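Here the chain labels run A, B, C and D in written order, and each chain numbers its own residues starting at 1.
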């Protein structure tokens, strides 16, 4: 533990009360930034960044919906951009204040969810696949590995309706974001059947159990897998053959924020190749910044080759009626 | 404003603004419909309440009642002898009582995590059992109803022991001696004298454990591996992932109504005046 | 010799306090015995050792010829009536009396309990909870509850202490009659010397854990073995080494001849209803009390008098 | 009842209650990540102190607890006293209702209130909203502790004070309050713990700069049960243990 970090914490504790510098409040996923980058932004601009973290989009939305949460910059997943902008929660981006937009990877220059990049700047992306224990589980080809009775009691799924129901749909050959009642009922049956074998519905904290060998196969995000692999070389990550969801978390500015220009400066700062690379390296995530890729090792887990990437699907926001139907399915699965 | 009500004024004002008013809003929400993206909007409807009659939610209610009831029974079984021992250990009474309460002073989260740390496959128990070759592979203690029950009993046992201790402490020792004198062996004395007389304390303790268990969500969530849904999880889920605040409000108001009725029944009974 | 109970050198040591100091006692079947002494003299502890609620540190408790030291209360054919009755608050009078019978699995327990209640004239109150009974009624239910089991020995721990004075005298007669009628050996503990003298056939006077004297009421009152017994049973005047009872102490205006006496003056006169107590302050500073009938008392406070008594009424102790 | 069996059972029950915390404290000194003991080290404690999120969380939690606890103790004690002097059905009903309200409902309803009122006042969520929420749910706990003590408080003591010329407020200040002092201390301690320990309600009404320690611990734990959580928990357990012993000593004197 470097002494610098210790001093950093101590001064932070003191600074928060007597500081006169302009403030910027950034609310992001918990492991998504390199603290050093925040410090350098603060030094460069002479501002003070208050950095809060959350574990799910809903946690962030609960605050953003109030309209006076006090946060300036948030990082919603791509499917949330449209509904948030429709509900007047987001500020429209001013490209004149974002000169570095060109640094984005070409795949994210005109994303289908926000072609004009009007609401969010793609920041980090990841996929949901299967993390597995190489010693005891052979390379999974599809989602069915998470249904193999051989691994009963050692399988976990994400505690997220979109991912679980989506995986069941893909396993049956249906589209990830299907709204067809028949297909969804079939997916529901798959999920309930899987429960017999299931150890738990559990998110990022499954990493320790996978590394330790408690869990042999887990539905997990590619970024969690990457850091698990760093912890234990015998862990693998597979992109299922039937397809897999891709999620891009985008930096957006809340309409309630009164620091519009400073927020843009922060977004542009994040787009600098060396900053994006540092954040991706420390947070162990895949960056949407094309220029930064040159500075980063091509980890196949984080950056799947094009043929595999092509099988990925970017789930759109579901209409509220379909969303409500899935929420009910999720309760039925859980209560089964 | 008579002098006496001055004392009540601060509490009345504070509870009116920061408890009653918010609760009124939640009641209003329970009659509204879910907004397009979270939040609430017109029209007014009782659909949220009728929806609760759906068998799916009734199974969740039944499951919660079942687990909360079992946890309460376990707390009673484990708590009664402990309370009896403390009530009859003379000058160590206060110290022992503080010992029972000590873990209760620490954070609810910390206590629940402690069990995660002990019950995991690589947790303490499995490591010891493996080291002693008593088992070949780690046992799965975690992510099942057993773990949830253990968590509930562990966290809410003091809620039972306290009122039980208060009742047993007032039990006249001469009654135990009289029973023995009349030929009753210890267990007969327990069955025919101690338990009937301390029934009010048992009732109070059970209610004080049952209500939090019914609404628990952190313990089932962390120790149950998200595989089982109790009322608390349902309500929590509506307010977060499902962003269905009206239905969440309706479900939670029903949960509160059940708890309030239970508490009111306890209040009216003679025991409450003694204990609470 | 059919003794019901025999205590052989029984002692009880509590940390830092020797409550009972090797007590030996034998009770014959069918007798009405009393343990009399000031509070803290060890009489209740002795009773509790017989009942099995305390274990003697040394010595033997023998019941019907068998040593019962190790036996638990429910294993001894002995019953106890507690000082504040210890009636089960959740059971009616009838169920209280029936408690012991049901423990023994007696078939017609309710009928026998009903009969016991009639014995104590409480048949009408069988459905009452203890809280709905008067002090006297509670006491009688407690008695019935024990007697219905026909124990070898009935122990009573200050049975009348909790009653108000009027009722106390009436209950004395009832207790006495009940003992004679049932023929069960009674042993009761009290600090009230009048109660002990009036009710018991034999009584033991205890002090500081030891029995100072054991005998009939007359023995103990008229022929006290020690100064303590003399002082504890009734009042006594001390003139040098000799003790004289107030009822044997006479008062006159002139000096009597041929009998021992002291000069003094009348300090106060107490009217006790059936007699008068004349408190005299003697010249040598000591005090004496004389019991006079109403007719004898024609003295006034402050008047010089002579206090005298007959030599045969003197009691001397080593 | 045979005492020895009861004693042995009670020892086991108390061990069951304390085992998790003792294990937690023990393994907070373990250098390794898992339950295999790899040697003693203060590594996780240094990590805990260095973690900015934790240190700020601790600072916030203390500020909130040290403001909310005394406030709720004062209001709760006055309320309990008021209810003891004269029946106040509505208030006592409300207080008991606040005890049975699931935390999520309290939290969301307060969030809704702040959302609704802040449209006019333009006041963001922050330390003040958390403090207000903590006072609201602590008052009931304080009131119960004080009412229990008042139950066997002899009314004639106050009447005696009045008889000797004290005003009603004077009698309260100079007679009742000193006698209630131990109970008030206990109630204050309970309010402190309940405030310091809360996660659900705080996470909903917390603003930008008011993330508390439990929120930091929960966020950290969601990323995997890391030994740093053990270290922080150990510190909390020991801190409160000492606090209890001190208050116990005070009360005994």
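Operating definition for what follows: a contact is a pair of C-beta atoms (placed from the backbone, for glycine too) under 8 Å apart; a residue touches a chain by one contact, two chains touch by 3 or more.
If you're wondering where the values come from, they're calculated on a predicted model, not measured in any experiment.
K.L.:
Indicate, using Cα centroids, the chain positioned nearest the centre of all protein chains shown.
P.N.:
B
K.L.:
Measuring from the mean C-alpha position of chain C to the mean C-alpha position of chain D, what distance in angstrom results?
P.N.:
Going by mean C-alpha positions, chain C sits 57 Å from chain D.
K.L.:
Could you give the separation in Å between the centres of chain B and chain D, each centre being the mean of its C-alpha atoms?
P.N.:
Computed from C-alpha means, the inter-chain centre distance equals 17 Å.
K.L.:
Go ahead and note the Å separation of the Cα centroids belonging to chain A and chain C.
P.N.:
From the centre of chain A to the centre of chain C is 89 Å.
K.L.:
Taking each chain's centre as its mean C-alpha position, how far apart are chain A and chain D in Å?
P.N.:
35
K.L.:
Enumerate the residues of chain A that touch no fewer than two other chains.
P.N.:
Residues 59, 62, 65, 212.
K.L.:
Of all the residues in chain D, which ones touch at least 2 other chains?
P.N.:
Each of 34, 221, 225 in chain D touches at least two other chains.
K.L.:
All pairs of touching chains?
P.N.:
By the stated definition, chains touch in these pairs: A-B, A-D, B-C, B-D.
K.L.:
Under the stated contact criterion, what part of chain B meets chain A in this complex?
P.N.:
Residues of chain B touching chain A: 34, 36-39, 56, 59-60, 63, 120-122, 138, 140, 142-143, 225-229, 233-234, 237, 239-244.
K.L.:
Could you list, by residue number, the parts of chain B that touch chain D in their complex?
P.N.:
Going through chain B, the ones touching chain D are 3-8, 10-12, 14-15, 18-23, 25-26, 29, 78, 81-82, 84-86, 88, 94, 96, 98-103, 105-111, 113-118, 120, 122-124, 127, 154, 157-158, 176, 186, 189-190, 211, 215, 217-218, 232, 235-236, 239, 245, 248-249, 252-253, 255-256, 259-260, 263, 267, 273-276.
K.L.:
Report the residues of chain A in contact with chain B in the complex, numbered from low to high.
P.N.:
Within the complex, chain A touches chain B at residues 56, 58-59, 61-62, 65, 83-84, 86-87, 153, 156, 159-161, 195, 198-202, 209, 212-214, 320, 324, 327-328, 330-332, 334-335.
K.L.:
Please give the residue numbers of chain B that touch chain C in the complex, ascending.
P.N.:
172, 174-175, 177-185, 188, 192-193, 196-197
K.L.:
Please output the residues of chain C touching chain B within their complex, sorted ascending.
P.N.:
51-53, 72-74, 78-80, 82-84, 86-90, 99-100, 103-104, 145-146, 149
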